[in-house]
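Next come two complexes, and both contain subunit A; in the first it sits with subunit B, in the second with subunit C.
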Partner chain A sequence: MILGRVVGNVWATRKSERLGNLKLAIVRPYCWYNPIVPTDHVVAADQVGAEIGQDVLVCIGQPGRWMAGDCRTPVEASIMAIVDETTIPRASLEDPQVPFALRPGFAPTTLRLTDETTMAEDRRR
Partner chain B sequence: MRLCRVIGSVWGGKEADSLRQEKLLRVQEVSFAAGAGTVDISTNSPAAVKSGILVALDQLGAGVGEYVLVAHGSRVRDLTVGAGLPVKDVVVAIIDAAECDTSIFPEVAP
Partner chain C sequence: MMLGKVIGEVWSTRKSPHFEARKVMLVAALEQDGESLAVTGEVVVALDEIGARPGHIVTVSWGSGARAVLQPPDNRLVLVDAAISRIIDAHSQEIDGRESVVVEE
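Then we have the complex of A and B:
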């Protein structure tokens, strides 16, 4: 899965019939979770109605096809949610066991890095 | 799925029987430079720099210089061009227009 920001739209008339009138969005990823595939951009089908500038969650592969309508739609990525806020414990970024990567130099406003202690305090509350 | 620009074709003197009737394209992946404002790829803006080259099967009839949407994977191949073709990258759409606002990239400007 990918966390990214919708940065553009794509229009096409000559396309595979099965694509139908699917809305396509260009997403700039800033965070990857299992597998880590640091691509520059990903074009995802949008059934959620995300707007340019919004941070979104993109799923890759078969779930992406389900999300696009039915599993016979020839897409490999779909927007599955619009993100309000993400919290990541800082320690997990350094943990080699976590299949997780952030694009260097990212600064999305919806992403908040926390210290483990703060997380623990949150849980206590 | 990725935006790519068609840069040429590939022919094989000897190729798999299933590939004889098919057209293979050399395509170059588009990558957007941060901080370039709104990039409209149909104007061939230099802000849409190119990166890796791949070979994709095309049944839509894309020409050199056109922008296409390339999907990867065997499931997409089965659904578009049919099973039994030894390819993994398939052209699923020919782009009329694509707009990308690089000023809102989720990154710190250099």
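Then we have the complex of A and C:
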């Protein structure tokens, strides 16, 4: 799954019949583990109604294809949800093992740091 | 399947109907570093149905393995390509011919 932001839309008149009336969005990924082709954007089918500037979750591969129609739809990425908020406990960032906040490029508008404790802290009490 | 440490949660209200009522977590990828596990800096977005919390060490399954984590009958058509499949209690590796076990807090 990819966490990214919608940065644009794609329109087409001449296209594969199997594509139908699918809306296509361009998503710039923040979080994409082990991409097949390293790229700074993904074109994803949008059935949720995401707008430019919103953070979204994108599903890659066969499930994304099924959601866009059937197994023959020429789509390999589907937007599955519009992100309201990404919460990261402050304790997660203070853990020296997790240099998450230092990662360049990770800047969802929806990021919020919380004071929620992590599991390890709960156990220590 | 890979090892990771849960570091946060992604919240959303407008979702695909094939993905309702499910939690999505951010998981930092881990790699072996001597006797312990170290964060690589990569972060994975994965669905969670077993109640993992920030700080937990977990395994993440990919592809159809992720769908297999979900309970039937709805696991065929769920929009998911990565899911948390286990919460790890302890892990071990061979060091100098001996098995070294690390129990998580």
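FYI, the second predicted complex is superposed on the first by the 89 of 125 C-alpha atoms of A that agree within 3 Å, B and C clash if a C-alpha of one lies under 4 Å from a C-alpha of the other, contacts with A are read in each partner's own complex, and residues count from 1 in each chain.
One rule holds for everything that comes next: contacts are C-beta pairs under 8 Å (C-beta built on N, C-alpha and C of every residue); 3 or more make two chains touch, one makes a residue touch a chain.
Note that this is a predicted model, so its numbers are computed, not measured.
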Discussion item. Contacts for A:2 in the overlay, against subunit B (first) and subunit C (second): which applies, first, second, both or neither?
Written reply: second
Practice prompt. Identify the partner contact of A:62: answer first if only subunit B is touched, second if only subunit C is, both if each is, neither if none is.
Written response: both
Worksheet item: Of the two partner chains, subunit B (first) and subunit C (second), which one does A:91 touch, if any: first, second, both, or neither?
Response: second
Worksheet item: So which positions on subunit A get touched by both subunit B and subunit C?
Response: 61-62, 103, 106
Response to the item:
Within their complex, subunit A touches subunit C through residues 1-3, 31, 33-34, 47-49, 57, 59-64, 66-67, 78-89, 91-92, 97-100, 103, 106, 116, 118-121, 123-124
Worksheet item: Where on subunit B is subunit A touching in the complex?
Response: 1-3, 29-32, 39, 51, 60-61, 69, 71-73, 75-76, 79-80, 90, 92-102, 104-108, 110
Worksheet, complete the sentence: The subunit A residues in contact with subunit B across the complex are 4-5, 7-16, 18-19, 24, 26, 28, 30, 39-44, 52-53, 55, 61-62, 65, 72-77, 103, 105-108
Worksheet, complete the sentence: Given the complex, residues on subunit C that touch subunit A span 5, 7-16, 18-19, 24, 26, 28-29, 38-39, 41-47, 53-56, 63-64, 67, 77-82, 105
